[in-house]
Structure formats: structure tokens, C-alpha cells
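There are two complexes below, and they share subunit A, which is joined by subunit B in the first and by subunit C in the second.
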Partner chain A sequence: MSTDDYRRKLADFLTKQPETSGLAHERVLAAQTRQDLGISSLTMVLLLTHYVEQYTDNTVTIRPEWVSRLGDVDGIASVLREIDAASLAPAQH
Partner chain B sequence: MTSEHEEVGIGSFACAFGDVEGKPEDVPDFDALWQTVSFGTDFADMGSTTYRKMSRPVEGYVVDAVRRTLQGAGVPAAEVDHIVFAASDPTIALLPIDFTTNVLRAVGLDDCVPHLVSYQRCCSSLTALQHGRSLLAAPNTNHVVVVALDFIPDDRDRIRSYAVFGDGVASCLLSTRDPGLVRLVSSATHVDPDGLRGEDTFASRQKVASRTLAAVLDAAGCKQAQIAKVFATNLHKPLALFNASSIGFRPNTVHFLDTLAMYGHCGNADWLINLADYHERSGIRPGATYLAQSQAPGFYACALLEGSPRS
Partner chain C sequence: MTEIVSETATGGLTPEQVESFKENGFIGPFDLYGEDEAPLLWNQAVIEMVTSKNKPHDSTIINYDRHLDCDTLSTHIAHPTIVNKLRSLMGDDIICWKTNIFEKEPGESGTGWHQVEAFIVYESEDVAYPSLRYTEESKAATQELTVWTAFSPADKEHGCLRFLPGSHKQWYYDETRPLGRDVESKNHDFFGYDYSELQIDKDWDPNKHEIVDMGMKPGQFVIFLAKCVHGSHPNTSSDKRLGLASRYVSPSVKVYENIDSLTGFGDTINLDYHGSVLVSGEDKWGHNRIHETNLNGFPFPRVKTDEH
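Take a look at the complex of A and B:
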């Protein structure tokens, strides 16, 4: 999936979450920063928790290199892509 | 960095919580308060079930904890050389002018020098631990009590975007004569200037946490993977787990969930409470490495501890 595809996946995901259900799909696609969407730090953490639960069945944990990307929308979309990739990778032993 | 004080044992942890149990949802105006700070999140996800409130002056709880610390170690009050109080910034403004003398007299600390460590918010007690150990470098100084206290007079101030505050006191004894439960290997506190301005971000919080953790690991010549358990700050559950993950700790390494549910965030006493709780449930292992951790807007502190050999 391309970056634009993950923007759309992020928009689909946000509009289905109780914390961000009031956001319009188009607003997510147009936003540059998390602040543009009015998503607080606490809400962002909860949204990531929900995403990991829903898409990986909690098989993925947050990685340090993802944290600094959570301030802008493209960064958040890239984190979702890497969460998906991590859930498909063979388990590390 | 720490070899000069390696003989100092830290142990006899004791906690005294507020005597009145409350539920966050019963705080006056809870719904409005939570909506103001939570941005639409569900309080049920935060991990706080109850908190404790002090119904009497804080001195009584401090005296109770310190007495139990001394009894647990079998050390007479008259043999304590120093007591180091640690409190977050708002708490020191609430202490009565005769707080120290009341505690010293009630416990019988007749030849004991009092100290206060603060201005580092919820990180104050980790600096107090370091200060307490440094006091033991003086000749003929054998026992130091460190006691962390925090409380909130107005229940409405308990509900915050990052935690639910509870009232609690936790104390421990530093001794040159007893190996205690753990020894302090290294410690560090650093400042997040963005946090001091109220402009902290995921990146700024991660930066100060990583820098502080690296400092204690480097000083000890220790690898992060050697850390068996982290005694964390009782922030809202999702935040505490995220913060741990952001510096590379797996969620099951962090010990805080049960005390968070029962007592909430007892300010700068959390790491002591979590260490004591972990020891009661699972036991601190001799030779194992542990991390005590505190964080607050603008500050991050941690201390590497090693389980003491059993005598």
C-alpha cells in the first residue's frame, strides 16, 4: 500500500474510533499535523492501542523509533504501515 | 561512579496511604472534569479504580511509615543520623511550619538531621535517595531514612490528563550496617525544557527519558536487557505503558498496574510503593537488576538498583 493508501486507512480507522468518530474523512486527508485534528497525546496513545488490538491482536508492541513521528499525519500513517508490517513478520526468538 | 557507597543497603520499605478510600467517579463534578482533560477518552481505559485520601494531617501518615521502616529494620530511632523528606512542589507549600519537628519528636529521632528535597515534582524522591546515600559517606553516619510524601487537599485536583492523584507516603532505610533489599548502583535526573514550558511532546518526553536511562546504564556498565523489572510512575495505564515502550521496555517489564488500580498516582512516592508491592508479591532477587523510574512534566529520573545478597 502507498502512503496515500495509508492516509485513507488512517482516515477510515479514525472515523470508526469512539474518541475520533466526529472527524470527517476529508479533514483527515487534508490535515498536516495531529494538532490540526485536535488529537491529544492521551488520545493518540489510545488510538495506537486500539489499532494494535484490532489489526495485530496485540502481537506488536510500540517501537521507540515510531514515537517521534506521532506529531504529523504522514508520520502516523507511516507508523500504521510499520505496525502492519511487523504483524506479518516472523516472530523474533 | 558508585563504588564508594556500594556497601549501603536500602530496605525496610513501608507505605502509609490515606485512610479514606474513594472512587474517581465520585469526585465532585467528575464528568465535567474528565471531559475537560480527557478529550473524549473513556475513563475506564485508564486503570484507576480507587484512590486513597488522607483525612488527618499528613504528619501522622509520615510518622506511621517511618516507625514501620525502623521497626522492620530493627533500628532504634535514636540511631538514625539523617531523615530526607521528598515532596513534589505543590506539597511543600501545604506542609505546616512545624512539620519537621512534629515528625522528629513523634518518632523519637533525637539526634537526626532533617533535609528536604523538592522542586523536581514527582522525581524528587529519586534525588532524595541519591542525597541520602551521599550522607552516609560521612564518618560515623550509619542510618538515613528517606521518606516520600504527597497529597491533594481538594478532590477535584486529583483528576488530570495524565493521572488520578492519590494520597500516600513511602519510606525506606539506607544503612551501612545492613545489606537491605537493594543497593543503589547509579541514578540520574534530567530536564525537558519543553515540559517546563508546558510544551512537551512525544519526542521531547522520549528524548529526556532516553538520555536519563542511558546515563544510568553507562554509569553502571549495564545493558538495558539486564533490567528485570521497572518500578514505574502510576500515570494512566495507556500512557505509562506507552512511555515504557518508547524507551524500549516491554509492557510486562513494568510493575505498576495493581497499585495504580488501588491507590492512583501518589506523586513522588510511586516508585517506592511499586518496589514494595513487587517485593511482597514476587520478591526482590539477590543480584537482579531493577530500575526505579519517575517522570513529571519537565523532568525524568531513574535509578538502577541491584538486589542485595541475603545475609
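Take a look at the complex of A and C:
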């Protein structure tokens, strides 16, 4: 999936979460930073736990180095990409 | 109950450092974590804050005591590098009674000068109780200390701590009087309060006193007396400044003796969760509830002393 695909995946995901259900899909696609979306840093980590639960059935542990990248939307999308990759990693061995 | 005993005490303060502390009211900075390590430790603590099953309280405004449910901070407060230096000033028996997270966003103003010792809590306008009550004299240099650890850059640009050296030797502020909160006022530069309202001598100007800026790299910490007048610079950088203050007393000190809840910053928390953590030595007094594990079951480490 490309970076744009992950932005769309992020938008799809956020608009379905209780904490961010008021967000419009287009707003997520246009946003540059997490602040643009009105999401606090702690809420963003909480949303990441929802993502891990939903897309990996909690087989992936959130890594501290990911937290530093949750300030901008491209960083968040890149973390989603790494979570997906980490969830697939065991199957490749 | 499982007790983790970490390394035997080493790395205390030198006699010269103890003398410097007695003279100035603070000592540091000291290295604790690597510059790259500290922010990752903080990130791990944030993950634990979010995923914690048993939080001490639900407030998102009052950020006290997350060492009681985040394993990373539970370990941090009892780190031998910190505790062994505290032992040089307080003796072997030490409890951690409180932690505060101090975040300073880019552009956020500095924190005004302030000075406390008993951490007075107001139940109403007329009724106040000290958070700490000292029950006996001590031969140690002090019975109360704060450790402020930087988990991000905390130099002058990022809003570092600053101290008035020697100011712990007298009272410049009356901490027993109540403060009015006004978050809109620029004069209210102490978390929405104007601490200068408590100034004993209105003609005294703290900015004409000698000032020491305590710039710190991520992973460094400073030890100080809350009674040493301190504040911080504004954060003029583009990065958030992150610090954790962990507060320690001798177990002979009674903590929150008559206090069931804390109100501040527009919120209230109930202290049912509260307990202190014995990080070194023993509790011969039994004044305070002591948590052996954090609220999620993680056993608190304890620095082993020669006697224990």
C-alpha cells in the first residue's frame, strides 16, 4: 500500500472510532498534524491501541519509538504501515 | 509479597556536594539515562498510562502519581542512581509520596517563582491542611526532597528550571495562605495562580536575587528542596518540554494526614488510591500506607542498604 493508501486507511479508521467519530474523512486527508485533527497525544496512543486490536488482534505491541511519530499525519500513517508489517512478520518465517 | 531489591547502594553524593546542597538548596544536574534513551522511556510510560487497567484517578488535568500504575515510572522513582544520592541527604529510610508530570508546550510561559515545604491543601477557603507533617527532628540534612528528571531537552530555550540559591534558608512566601486561580491573567503564572500574592515582603524582588538556570539534557535530573525558591523559563522552542518531579520524604513524615481529596487546576481527585513507596531502608514509624506493588501489580524496586 502506498502512503496515500495509508492516509485513506487512517481516515477510514478514525471516522469509525468513538473518540473521533465526528471527524470528516476529507478533513483527515487534508490534515498535516495531529493538532489539525484535534486529537491529543494521549488519545492518539489510545487510538493506536484500538488499531492494534482491530487489525492485528493484539498480536503487535506498541513500540515507544512510534509514539514520537504521532505528531503529524504522515507519521501516524507510517506507524500504521509498520503495525501492519509487524503483524504479518511471523507468517513470513 | 515479592520484593525486588536492586543494586546495593553506591554513588551517593560527595561531602563537597552535600555541603553545596546545604548552601544552595539544590544539586545537579546528574546523568541518569542516555539522551536517546530518556524520550523512549517517556514514550513507554505514555503507552502504559493509556493502557493501564488500574489508574490512580480519572483526571486528565491533575497528572499526579502515575508512578503508581506505570511500571516504567514505578521503576524510575526507585532508580539506585537517584535513591543513593537522596540517601546522602536524607538518610537510609526514604519514601516517595508523590509525582507530578510537568509538560511545557512550545510557546508556553515560564512558571513563576514559588516556595513550599508542607504542600498546604485547601479543603475550603478557611480550612487548610498540610500534605506533609513532620513528626520528629532529624540529624539528616533534610527530610523532604524533590527530584526533577528531564525526559526531553530542558535547557533555557525549552523552559528549564531555575533556582534562587540559598533561598531555602528563609521564608519569602507564606504557603499557608490561599491563592485565587485565574487562568486568563498573565500575572497568574504559577499554573493559573499568582504566587506573588503570597510574598511576605512585597518589596523583595526575586529577579534581583542571584539566579541559577538549571539547564538539563534528556535523562538528567536535579535534586532540590521545595523550599528553595524555584520557577522556570518560558518554552521558546518548537518542542514540548517533558519533566517528572518525584517527591520524597522520610517515613517519619505523615503524608496527607487529614486530606481525602485534592482540588486544583479546575479538577478534583479522590485520594483513596494513595500510598507511598518505600524506595530505601525501612519504615519504622508506620504513619503512612505503603504500596509494595503498583496498582497493576508490578513490585516496586527498593534500593538495598547496608542494614537491610
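The definition used in the following text is that the second predicted complex is superposed on the first by the 90 of 93 C-alpha atoms of A that agree within 3 Å, B and C clash if a C-alpha of one lies under 4 Å from a C-alpha of the other, contacts with A are read in each partner's own complex, and residues count from 1 in each chain.
Here is the rule we go by: a residue touches a chain if its C-beta (ideal position, glycine included) is under 8 Å from a C-beta of that chain, and two chains touch if they have at least 3 such contacts.
As the structure is a computational prediction, the values presented were derived from the model and not from experiment.
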item	value
Superposition on subunit A - do subunit B and subunit C clash or fit	clash
Which superposed partner A:19 touches (first subunit B, second subunit C, both, neither)	first
Which of subunit B and subunit C A:45 touches, first, second, both or neither	both
Touching partner for A:67 - first (subunit B), second (subunit C), both, neither	both
Partner with the higher number of touched subunit A residues, subunit C or subunit B	B
Region of subunit C that runs into subunit B when the structures are aligned on their shared chain, from 148-156, 184-192 or 202-210	148-156
Residues of subunit A at both interfaces, subunit B in one complex, subunit C in the other	41-42, 45-46, 49, 62, 64, 67-68
Parts of subunit C lying in touch with subunit A, wherever the complex brings them together	39-41, 43-44, 46-47, 49-51, 60
Subunit A to subunit C touching residues, read off their complex	41-42, 45-46, 49, 62, 64-68
In the complex, subunit B residues that touch subunit A	38-42, 45, 161-162, 201-203, 206, 210, 236, 238-239, 242, 245-248, 250-251
Subunit B-touching residues of subunit A, taken from the complex the two chains share	18-20, 38-46, 48-49, 61-64, 67-68, 70-71
